[in-house]
Each structure stands twice: as C-alpha cells, then as structure tokens.
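To keep things simple, chains are lettered A, B, C and D as they appear, and every chain counts its residues starting from 1.
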Amino acid sequence: MQRILNHPDQVVDEMLKGFVKTHSDIVATTDNPRVIKGANLPADQVGIVTGGGSGHKPAFVGYVGENLCDAVAVGEIFSSPTAVAFLDAFRAADRGKGVACLYGNYSGDNMNVKMAVKMAKKEGIQVKTVVANDDVPSAPKDQLNKRRGVAGEVLMWKVGGAKAATGASLDEVIAAAQKAIDNTRSVGIGLTPCTLPAVGHPNFSIEEGTMEVGIGHHGEPGIEVCPLETAAQMAQRMVDVVVPDLPFASGDEVVVLLSGLGATPVMELYVLYDEVDRLLTEKGIGIHRSYVGDYFTSLEMMGATLTVMKLDSELKELVDMPCYSMGLKQK
Amino acid sequence: MKGFRNAEGKPILLAMVKAIQDNKAYLGEVDGLIGDGDHGMNMNKGFTMFGQRIADRAVSFTQGLDELGTLLFTEIGGSMGPIYGTVFTDMAEAGEDSDIITLEVLASMLAAGLDGLYDIVDARVGDKTLVDTLFPAKDALAQAAVEGKSLAAALEDMKAAALIGRDSTKDMVAKFGRSSRLGERSRGVLDAGATSCYIILTAMADGILALKGA
Amino acid sequence: MQRILNHPDQVVDEMLKGFVKTHSDIVATTDNPRVIKGANLPADQVGIVTGGGSGHKPAFVGYVGENLCDAVAVGEIFSSPTAVAFLDAFRAADRGKGVACLYGNYSGDNMNVKMAVKMAKKEGIQVKTVVANDDVPSAPKDQLNKRRGVAGEVLMWKVGGAKAATGASLDEVIAAAQKAIDNTRSVGIGLTPCTLPAVGHPNFSIEEGTMEVGIGHHGEPGIEVCPLETAAQMAQRMVDVVVPDLPFASGDEVVVLLSGLGATPVMELYVLYDEVDRLLTEKGIGIHRSYVGDYFTSLEMMGATLTVMKLDSELKELVDMPCYSMGLKQK
Amino acid sequence: MKGFRNAEGKPILLAMVKAIQDNKAYLGEVDGLIGDGDHGMNMNKGFTMFGQRIADRAVSFTQGLDELGTLLFTEIGGSMGPIYGTVFTDMAEAGEDSDIITLEVLASMLAAGLDGLYDIVDARVGDKTLVDTLFPAKDALAQAAVEGKSLAAALEDMKAAALIGRDSTKDMVAKFGRSSRLGERSRGVLDAGATSCYIILTAMADGILALKGA
C-alpha cells in the first residue's frame, strides 16, 4: 500500500488538523473534533448541515463554506459519523431558524441522523432532512428510497446553501434541496478498486481490461462488469443510464457534474466530458453549467461518476449563486 | 452452572474484544465482497478502544456492555454505532440489577437487545443482517430456559443456533444496508454483521463457560 | 491500463475541447488549437504566458485566468509545446506592453521558447522569460540553472499574474516572477509510477514498500530510493531537503504549497501537511498561507511535492491578490 | 553506385518512417530508464503523420526531409521538434538543389544538419545525446568521400560509425536534457536520442541501398 499515512486509525483526525490549518479563512473547529463549521456563519439563516464517512475528498468537509454547508459531521473512512457528531453539527449550524440536514442515503447515516434529530428536538433545535438518492444503478425506479446518494449531493448542497443564503425559511430550504435531488440522476463507472488504509489491500477487484458499471462510492459492486470501453462508449453508457431515468428530454436545461473517483487523471475527465456534452447536446438537452473534476471521490479508485440535474428557474438561480469552499469556489 | 457473578464478568468482555481483534481482517473481507470493506476496521477500532479503557479497571459484565455500547454509539458511528450500541446498552440495562447472571437473566438481556434493535431498524429474520444471528440465538436461550437446561448447555445451544443463523444469510438476498442494492448478486456470501454477531456471541458464551467456578 | 481514453494520440486535443466547454467563463480558444487564452484579458497589461507538456492538470492550462496566466501553449503529454504554439500564445497575450513567458526548465521547453521569442521579436512583440528551477534534488546548488521547474511554477504564475494586474511594466513583472522563483524550493516523493496513454505500461517502477525521493514531474528518477516511511518521516525528509537549500530561517514568512502527484487521496495530503506545518513552525518559520491539493500532477502517480516560498512584503501582497482560474481560485 | 535521383527518394523516407514505427515501444523503454518515456511516442506520432501526408504524393528525398522537419518543428514540439526539425530541414536545404544525391552531397547534408543542431544546443560529443551518433556518422561519410569510396561502401561505414556512437552513450554521464540531473545514475543505459538517431540513419542508409538501380 503506497500511501501517505501515520497510523491508519488516526488518518481522519490528522487529516482534519491539516485541513483546518490550511483553510482557516473558510472553516473553524468546534468542541467536537469531528465537527467542522464555517468560519463566518452569517446570522439569521437556516443552517445547512451534512455529514458522512471520510475518504471522499472534497466531500464532505470540503463543502463547508460560504453559501454552501455551515457545519459537517465527519465519520471514519467510509463510515457514518456518530449521532453525537450530527447533533453537534446541528448545534454549530443552528442560528435560530432551524437546520436542514442534507445527506446521503446509507443505512449508517440514516440511523445516526435519525437519532441526532431526535436529540436535537429535545434541545429545541428544529431539524429537517433531505436524503440524497441520485444513484440510478443502486435500485430500480420503483424503489427510489433505496437508491444511494452519490455526487448529486454536491448539487443538493449547492442549491440548499444558496437557498439559505437568500434568507429563506427552513421549509423553503428543504423544498429547494429536495427539488434539486429529485431532479438529479447519477451513475458511476469504476476502473480500479481502492484500499482502506486500515485494511491495507483492496477489498474488491476489477479485472484489468474490464470496468464496473454502476459502482458505488465505496466500491460497492455495480450492475454490470463489462470490457473496458473507450471514453466515447463510456459516455454513451452513462448517458443511457441517466437520461431515461428522470427522464431528461429535449428542451431541458441541465447542470452536468462529472467527478473523478480519485486517481483518474483530470485530463481524462475532460475527454469524457467532451463526449457527454456532445451526447446531451445531440438530444437537445441544454447544458447551462458544468463541473468537471474531483468533486466526490472514493480514495484512490479510478473511474468517474456522471451527475445530471434538471433546472427550473429557481434551481438555475441557486446554482449560479457564488460560493466559496475548499471543494467548490464560484463567482 | 447456575450463573455467574455479574461483578466478575470482565473476562467475558475481554474475550469478546479479543475475538473481534482476531477477526478484524476476516470481517473486512466478508464486508468487502458485497459491502464496503470497513466492518472489521470499525469493529476492531471500537472494541480495541473499549479493551484499553477497561484494561486497568474493574468492571462488571453489564457495566462493560453499557460502556461498550455507549462507546460504539458516541465514538465509532457507522452502522455499528447505532446497531451494536443499542444492542449492548439495552442488554446492559436489562441485566444491570442482577448480581448473578443466570440463564433467565441472560435470555432476557438478549431479548432486550433485540427489542432495542427492532426499534431502530426495519430488518427482520430473512433480510440478511445481524438479526439473522441474533434472533435464533435469543430464541435458543429462551427455549433452554423453558426446558430448564443448565446455563452451560444453554450457551452451547445458543452458539449452535447463532451459527445456523449466520450461515443462513449466505443464501439470502440482502434487503437492508449497503448490500441491499445488489439484489441477486448479494446471494452466495455471508452477511458481515451476521458474521460479527456470531463471533461476539460465541466469544461471550465461551467467556462465560471459561469463568472459574461459574 | 485502466484509463478513460479514446485514441491515446488524441487525448490532448480532446481534453482541450472538454476543458474549453466546461470553463467558457474563464478561457477561450485561439486560432491555434494548442493555445488557450483568458476569456477576458484586461487591456493595457503585460501578458503572462506559460506552456509545457500535458499530463500535469491543473497545470498548465488550468492556470489561465484572472490575475494569473493570459495564454498557455499546450504540448503533448510530458512534451514541450511547439515553438509555434509558444509564439501564438505570445500573440494572444500581448496587449502592447510585452509578454512575460514564465515556464519550467526542461530542454524541450527551453529550445521551443527560445525560438518562439526570436520569431516574436521579428513581429515586434517583446518577450522576456523567467525559467522556474525550484526542484532542489534535480541538481546541486552550484548548478541552479540545471534544476527542473516543478510545482513552484504555480507560485511564480501567481506572483507574475498578480504583478501584471497591478499595471506593472514588463521589467517589473519579470523581476517579481524571478524573485518569486528565486525564493522558492521544492522536493517531490514518488510512491507509484505513471503510465503514458500512448505507451500503455509504466515506464519506470517503484517497488512496493519503497519510495523515490526527489522524483521528477515526469517520473524522472530521484536522488534516493528508500523504504516507505510514515507521513511524519516523509515530511521531515522533505523539509530537510527544502529548508537548508535556500535557506529558510527562523523569522521567515513563507507560502507552502503541497501538491499531490495525481492519485494520492487528498485526505493524505492534509495528513502530510499537518506534519510539514508542525516542522516549519518548530523552526520558527511562519506560514502565511498554504495550498494543499492537486496543483501540479504527473498523470496518475502517487506521491507529493512540497514547495516553500519565502515572502517579502511585495510577494506577500501579490500572493494574497484574488485570482480565478480552473486550478486556483482565491478571494 | 554513384548516387540516387533525389526525385526518386521517397522509398528512403518511407523506410525511415517504418523504422521509427517499428521501434516506438523500444524507444519509449530506453527513454523510460533515465528520461520520461515519451521519446517513442513523440517520434512515432511525428513520423506517422509524415508518412500519411506523403502516402499518396510524389516527394523528392529533400522535399520529404524538409516536410518532416517542419512537421516535427511545428506540430510535434518536445525536444525532438527543434532538434530533428533543425537537423532535417538543414539537411534538406543543403541537398535541395541536387538532382542526384551523391556521396558528396549526402555528406554535406549530414554536415549541415549537425551544424544546424550545434546552433541550438550546447551538447557536443561525449554529452550523451544524439550528437554522439550524428557526429561520427557525418565524419564517416566525409572520410569515405575523401577516400573515394562508393556511396554503398560509405553508407556501410556510416552505419558502423553510428552504431559505435550510439553504444558509446551507454558509458557516459548525461550532461544535457532530462537525464542530466541524474549524474552517475545515468551511466549504464543508452541515450534515447542517440538510439533514435541510429535507427533513422540506418533506415536511411538501407533505404538508399535498396533503391533499384541506385
């Protein structure tokens, strides 16, 4: 395992120390070492909280920042934060207008958030949740509530954070974030596995010359293993999963987010994006804005996820709002 | 063997810690097949922290279970924090007033643990989770109590039932947790939680059986 | 080779197409498909140009943007752009006040820039150059002019671009950029090799359990192969190379740039940064600002480069100036 | 064999293209040892593009060399753009007025190529670059001309000299280019440019020798 580590069990805590030192203009620590909040939370706004396992940089902590998330609960690698961490994040983010907890659909996160929301209620903090479920291959369409949240979470945070910045109420923020994720679909293709530092070897394998279509953000097996394809063919395959599911149709305006899984050279993401852009354009789908880069990774996996979100005028305005975090800066 | 002194139950806890430590890599592999591979790492981190915290202290069996559950819940997180956190703290609560942990007490503890779990997860027997191990284990203890078996015999029954339960997950299709998206592809491998639950229950049983004079 | 490609020979051109589509708010094409310029070049400023081989994302094209580079010449993977591309970049960037060409010390780039400067002169475009040579292990201190340019180039562009934005003259811009690189030292550690798409297999190897200290940005062998170390030890080793060379001393204020080589999880870079920060602080060196992330990569190599730049009041002001490009956004 | 018709020299160019294509992987490996591994890829891309451009056209030997050099210079870049670009265009310029490429003309072409190269790089014999191949090759042709040898014999001399020159780089410490930072670690492997230069000169010689009736 060719990695930069001290003790694998300490990697999350050490990472957070380095992160806070580097980004002291954007983030601040809290009394809970596993909760990071924004350095300057504007008064009188709905608080935006997220949280999840580590190993997905920039997610989750990289999206704490202006017009994005206000506080984040940080878990072990690929493992939900504790309920206490979520609770402390709610406390850090609440400025009297309630908290929108926008997170991904994993059973650990679901359980811990649920408990944290209960505890927060006892303290008089009102928390409402949106659970991202944008990953198409993770369940059939009639079981939307089983689908995982993947890179679409970034767009959900973008929209939720922007809505909160307009001074909207908790219900309005929740509605906007819910609309964002409801209009978002993703699919991933994995090319190489990843190694958890504390495990020391990959816990699954992808044969050289093949690819795993529909892979999860933690290397969960996908829906199909097929021979490695060209960028053009991969793009076609991803578009064919994502577009019919919502469905996206001619005349729609969308945001496209193409994220690497960690080790794929960003150069190749642009090659893939060029193909995706062409395919969507051919279908009459208008690309209002695109994000290409490492936005939601899985340690050192190779591969990419395609996320498409359909816009209405509200979502467009919110997506276009400036923001400033480690993972996403936009003016 | 009628029971053991709650106050003298620390060796049982240490046996549970050791069993998880010894199986860290194995649990990671099982979780890696259809999950995300972190089960061994998370369990090991939590149990090891617990082992260190009680190393130089006297703790009773139920105090220890409560501490372990709280630690998992407040410091480990993941799926195991809420799940095993609830199971262990609820087990502790059911047994904490008993100086002697008899078969009846232990059976009621396991039942309380499962009840607590049912409050927070929707999984039931057949859904390819740790419920498939815990449920038959609890039933075996209860049945042995009804039949008036000794604690030692009851623990052997529990181990056998837990093993069958664990193995039953192999042929199941996962309905909850990470693996549930795999549908048919989840068939053919053990469930990670069912496996760790079997390891924990077995270590607990063997720990009790090994208590001198119990 | 588990990569996202169409034809390996076309990867640079395809990447550029995707890049321009994604970042049309920041960059624009030119008549030369291998030259990218800023979308809105402010009038009446010295033009900042760079260029180099591909495979280093965000470098080089990712640093075209506001208060950074104005035009970039793009080469094949790991291979200098043509002289014609450099010339076309000069043409694109020149707004009558001359052009500062800030590039790295590689023999291909040296030759092509030299020829392009000659051709530009014939057209009446005045070009002056600064050649980055921040990579300490690449030559002894008495042969500074043999040292490679590595991630320190990012800081050179930052300073040069900011100076140009102040309305400074060409000589002033050149002086600032030269001062920046003269006060900058870097070292890299490689943990895994990389594979050129057109080659299809790694062209060097790093044994599992070892690391290559002083590795170049193209996988050029370093000065020492030693057993893989902890993050703390790697940090110590890097600091021990970089600090005595300038030397950096107690009381100095510095910028630290810690870049991944491509496939190392960014999480681990923060772990390493935490150690570097501690070591420099112990030496009484003050960290004015730090950058941690993938700023200058080598395809999918694992490993990291540490770059430290000593500040004076001018450099500090220039480093702190806002900028906006794909690779570096700062407010 | 006194010489060959410049206008009929296209097969020589095609032989050079094929030799580079055949050695793409090998040149990459040689460059990978102490360089960055792209030499085969760059050379192959440039020569292949050139081969395609002249595929359906008549070109003379010197026209072709000029086109090849210009293509490398304007479209390939890297170190090879300026280096081989200069060598080939300067060779072409020295020979373009000759209808028959005699030994004397060819020797003057190679000398002009080397002169042009000397204008842009500081490397000389012993610095572990392609100069170590090109210089003795040029000398061999000049010497053969002085001795009044046939073109065929001279070409054999040139190939032998180029081979010795290429092999001499193995024991050298690189002074220019990417490998120059390695110092002693650069010893023991061939220089990539010296290797490709040997391949090109050999293919050129064999291409001339294969011309019917030359």
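Rule of thumb we're sticking to: a residue touches a chain if its C-beta (ideal position, glycine included) is under 8 Å from a C-beta of that chain, and two chains touch if they have at least 3 such contacts.
Just so we're clear, the structure is a prediction, and the values are computed from it rather than from any experiment.
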item: Common touching chains of chain B and chain A; value: none
item: Minimal step count in the chain contact network, chain A to chain D; value: 2
item: Chain separated most widely from chain C, comparing mean CA positions; value: B
item: Geometric centre distance via CA averages, chain D-chain C, whole Å; value: 33
item: Inter-chain centre distance, chain B versus chain C - centres from mean C-alpha coordinates, in Å; value: 54
item: Gap in Å, rounded to a whole number, between the CA centres of chain D and chain B; value: 74
item: Rounded Å distance, chain A centre to chain C centre (Cα mean); value: 29
item: Residue numbers of chain D (touch at least two other chains); value: none
item: Numbers and ranges of chain A residues touching at least 2 other chains; value: none
item: Touch-based graph of the chains, sorted into line, ring, star, complete or other; value: line
item: Chain pairs that touch, as defined at the top of this document; value: A-B, A-C, C-D
item: Chain A-touching residues of chain C, taken from the complex the two chains share; value: 2-6, 11-12, 14-19, 21-22, 54-55, 57-58, 191-192, 206, 208, 211, 228, 230-232, 234, 262-275, 277, 287, 290-294, 297, 299-300, 302-304, 324, 326, 329, 331
item: Interface residues, chain D side, partner chain C - complex; value: 25, 28-29, 31-38, 40-42, 44-45, 73-83, 120-121, 176-182, 185
item: Chain B-touching residues of chain A, taken from the complex the two chains share; value: 9, 53, 75-85, 106-108, 111-112, 114-115, 137-139, 146-148, 196, 198-199, 203-204, 216, 218-221
